[in-house]
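Data first, discussion second: the structure below is written as structure tokens.
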Amino acid sequence: MAEQEKLTFGVIGAGRIGRLHAQHLSQRIARADLLMVSDIDEEAAQQCAEACNGIRCSTDYHDILSDSDIDAVLICSSTDTHAQIIEEAAAAGKHIFCEKPIDHDLGKIDQALAAVEKAGVMLQVGFNRRFDANYRRVRQAVESGEIGEPHLMHIISRDPGPPPIEYIKVSGGIFLDMTIHDFDMARFLMGSEVEEVYAAGAVRVDPAIGDAGDLDTVMITLKFANGAIAVIDNSRKAVYGYDQRVEVFGSKGCISTANSYSNTATVQTQDEIRRDLPLNFFMDRYVDSYLDETEQFLQAVLTKSPVPVSGSDGRIPVVMARASRKSYEENRPVRMDEIE
Amino acid sequence: MAEQEKLTFGVIGAGRIGRLHAQHLSQRIARADLLMVSDIDEEAAQQCAEACNGIRCSTDYHDILSDSDIDAVLICSSTDTHAQIIEEAAAAGKHIFCEKPIDHDLGKIDQALAAVEKAGVMLQVGFNRRFDANYRRVRQAVESGEIGEPHLMHIISRDPGPPPIEYIKVSGGIFLDMTIHDFDMARFLMGSEVEEVYAAGAVRVDPAIGDAGDLDTVMITLKFANGAIAVIDNSRKAVYGYDQRVEVFGSKGCISTANSYSNTATVQTQDEIRRDLPLNFFMDRYVDSYLDETEQFLQAVLTKSPVPVSGSDGRIPVVMARASRKSYEENRPVRMDEIE
Amino acid sequence: MAEQEKLTFGVIGAGRIGRLHAQHLSQRIARADLLMVSDIDEEAAQQCAEACNGIRCSTDYHDILSDSDIDAVLICSSTDTHAQIIEEAAAAGKHIFCEKPIDHDLGKIDQALAAVEKAGVMLQVGFNRRFDANYRRVRQAVESGEIGEPHLMHIISRDPGPPPIEYIKVSGGIFLDMTIHDFDMARFLMGSEVEEVYAAGAVRVDPAIGDAGDLDTVMITLKFANGAIAVIDNSRKAVYGYDQRVEVFGSKGCISTANSYSNTATVQTQDEIRRDLPLNFFMDRYVDSYLDETEQFLQAVLTKSPVPVSGSDGRIPVVMARASRKSYEENRPVRMDEIE
Amino acid sequence: MAEQEKLTFGVIGAGRIGRLHAQHLSQRIARADLLMVSDIDEEAAQQCAEACNGIRCSTDYHDILSDSDIDAVLICSSTDTHAQIIEEAAAAGKHIFCEKPIDHDLGKIDQALAAVEKAGVMLQVGFNRRFDANYRRVRQAVESGEIGEPHLMHIISRDPGPPPIEYIKVSGGIFLDMTIHDFDMARFLMGSEVEEVYAAGAVRVDPAIGDAGDLDTVMITLKFANGAIAVIDNSRKAVYGYDQRVEVFGSKGCISTANSYSNTATVQTQDEIRRDLPLNFFMDRYVDSYLDETEQFLQAVLTKSPVPVSGSDGRIPVVMARASRKSYEENRPVRMDEIE
């Protein structure tokens, strides 16, 4: 592959994220060739394939895995299928980009990561927010020492509205489904590992979420190996839209991000000064980051460099989520090594 | 007076601004002793005197001028009386602080300034905005070279609502009544004299203002001796409140000010992101600057140093206002030396 | 006192805060008459008295308590003297305004509050931030339902730099000395009582603070009776200055405050866009709130209305501070009723 | 063409803007088929064609005009060739998208527009900023009455740096080369025609620009038929980057836009509060608007609807530029009908 200039792809799962990735691969990433898309829903697979210059499609992802022309797969199917497909794709010698989370079960994750290692293929996990310009700027400030040694951090991450209760029931819970992104962000921004978590939580948005055994409002304290302390603030429903901000405070200063907006206009009237609401959800807010993470995966594979988000980066947030759930249930701080 | 540590004052005119100055002199400026207040309205004089620890009051300002215990007068009476009182106060050997404008008539201004010079007393004109923290910061940026050589400037100055038509009729017109502050601000911020003006104007707020022969909406272009170009944007009615901002753009950067607010809170709802309106009018917005200008007048008199806003600083904006009116009427650029 | 229009005061303690209160009482609050000031340091007492129109002074606060012309006292002496002076002042029939905290010892607080109750005098505690325009606006948003039911809150409160180590050693620790203001703010903004706290803390600013047995960096989780969850973020050293912000997130929206600045100017250069640092410390940032709390105390006494910050409001934050320290030491959530 | 679902394109001119349009047509606009690209520079044409999936290329745009498979052309060649190519393309029955300005010579423009009308093809002019989200939001506020009747407007449009002097010499001057965009913006935002202009100008950035007979710093007053007054503020060099803002003030309020940035982060240090500079030039700042204008052209052609920016919209700003130059040279207001 030393001489190879393009990478060929198959996309497994043609849901919302799968279609986005397929479109990026077929139209916006010059060195990518998308050859096939699969989905268990035949119509979804066909529509996606058609939108991507009429490539091949299938209802069986094994058609992708067995196609020797395909170098790499993007796994965008439902979470419960990730670990199994990773194992099979690794065995088939495909490089793998897998949407988050790898799985809810640490045992399955470990088995999948072992298969990847054994096969010698590359695996990147889809923590796309790392590639967002705002968070990259914060990471840069921490890494470069622009704000000195980090002491305190706030991660605010609120969704515009909760998913359907049916989804909540199979989601693995707010920590595994929603906070998982923020657990990754916490590690990424801080450049240090979390040693202990304390999760306070409540059902404030919808009692049905509580009935389903889940929480919709959480505030999680994280203690890092480097001595810093952080909180993650999650709500399933911010009526004003998708609220995604961070602040890192350190010995030499503080860096804070604001939300992103469709326009910068401010209107002043006799009643108030106002602006329009922020970009409403992740497909708008983070669209550039999805493109960028895929380009960096492609670059890593073509140059045989380390991927920017490893299998281990995919595993640790699941440990953090499990520790947070345990902390909430037992109302006490829980150390990471109690889980692992 | 070399050994003098306090300055004694009389306030002439107990209207809104007169009362504010009287209160500052009696309560907030340690080295000032307010001894008397006068107003042609006896009740106004009495109320003001009472609010100031029960000092003396009079309906005749000559009682102040003839009181040998009084070092300095603050002239806060109606504009048409300023020039006459300045002359008399100068003849009585009082130092003078006079509210803006000195007069609408350049001949009267010149006569008053001559009287001041002959008497050897000090005269400061009440362009209080020069003492506002925002404008001082802009002036500092221009003066220190922080933004390099100034090239372009915007002065935005909009009132929350027009004064009564009766006032408009005797106001001397928008250029002498309202823009006069911005003419002073333009010279102050730029540190250079205006050579030519071009005034575009319209009646957009209230036809009655037009019937009274005045304008309510103007945009005035200023060309400065230093080569910079500025515009002043005035409206008699900004429904959202008092709008007072400037921007100076130069070879090394740009400095812009925002409005001032009673609080910094931002509210996000499902409809919009909003904040409360700015401080509503000059008594709220510029209150600190009124205190500061008086303290600096006192300091200048006690130390025999130049006042920060001279008689000439009071005269030039009147010339600019007259040139602007001429420019509007003849729809052409008018040079300052056409007026003087 | 029904006919009384003025209230007479004595100020006990002429340190930084005492001098500020004395100046407000003598110069800026029309219905207040400051008659005497005391301080164990004779020079401090004299200087303060002189600055306040030459009123009487003493090195013994009993001279104030025994003066029958004095209606009310402001206790601004060191914290360890508060409880004792409250008891004596109450016995002398004086109304009492006492700087925070009342004491570090709950027993002493209870004894002082009992004395106040027995004497039938009024007691207000100096949590001045409640009177700040920003926090009042947030409280209004919560109280009026503008943001719906509150779910989550962040209180950020960082000092520009730590006090001297000698002070730290007798301060009672960061929770009693610094967070005490934020504990009060949390109750005030939320309009609900805290039931449980979890305090994470570290020594990140100066090891000498740790050697003195104290922390300089803390993040405290609060669970409220109304179901909301909050965090308080404290640091002894924000290099960019005094950082005082809050955000309350609720079912119908979110309200956030920003810092306060000496000017609103923004400068753009070839390197960056910048503005000047925020108002640097509490004497600048909260000066209006000190004036306002005293005026409201005076108003409450003159009209025999409830004071805005009661003795109980002074006691509860001390309980919260003690619970936080216990939580930190035992690394577990601590319920308020474990302390009381 | 009623049944047609796709539109076929040729791009004439493979410079910076031509390459951007070609890339959008070939990769990001689903209903567009880019078939050929031409440039007098063979290498430029080849590189562009290759980047667009290896389509055909030519050094002679007549190859595009004579290709009966091509429905529409995008004219991105140098300005002096626009009018001629428009005429030929119209004669060849192609729909035309032409970059701004159509020409510097009103006679040539009229001839080209006549040819378009005669041929019955559609012509859209490339004023891309109309499609920017910020300006669309402002237009919406004016059109919907959100800010009432417009009274005053500021358009600020400053480039990060001047083009080479060689370019300046053939550019037609700042009014035709740079302000042309703002003239269009003024008409677009206001929804009213300009009746008179007054242009103040100076050479402040580089004396060589003056030696070339041009200006680099201008402030232009516009009077509109609807009674509103506006200023356009242009500088060839803003050291902090591309500065693109507008403010429209009306009877019911005011709308203002801010610049666009690559990230929203704010950094606070012991020296200042700062953020990174705005997006640096039009390819970054307006990239989405280029995509959007092309999509709307395609939509207009496919649905036989009016194009959003007509030939007349291309002509009027040239008249405004000529009037501004005349105004500057004669230092007097110039009416549009003096030019036409």
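Here are a few things to note about the model shown:
The chains carry the letters A, B, C and D, assigned in the order they are written, with residues numbered from 1 in each.
Throughout what follows, a contact is a pair of C-beta atoms (placed from the backbone, for glycine too) under 8 Å apart; a residue touches a chain by one contact, two chains touch by 3 or more.
None of the values given here were measured: they were computed from a predicted structure.
Steps from chain B to chain D, taking the shortest chain of touch contacts, total 1.
Of all the chains, the one whose CA centre sits at the greatest distance from that of chain B is A.
Chain D has its Cα centroid 58 Å from the Cα centroid of chain C. One inter-chain figure worth recording: chain A and chain C are separated by 43 Å, centre to centre, where each centre is the mean of the chain's CA atoms.
Rounded to a whole number, the gap between the C-alpha centres of chain A and chain D is 39 angstrom. Counting only residues that touch two or more partner chains, chain A has 238-240, 243, 252-254, 268-270, 276.
Those residues of chain A that touch chain C in the complex are listed here as 148-149, 151-152, 154, 156, 158, 198, 200-202, 204-205, 217-219, 221, 223, 227-231, 233, 235, 237-240, 243, 249, 251-254, 331-333. In the complex of the two chains, the chain B residues touching chain A come out as 238-240, 243, 268-278.
Residues 27-28, 30, 51, 133-134, 136-138, 141, 146-147, 252-260, 262-270, 276 of chain C touch chain B in their complex.
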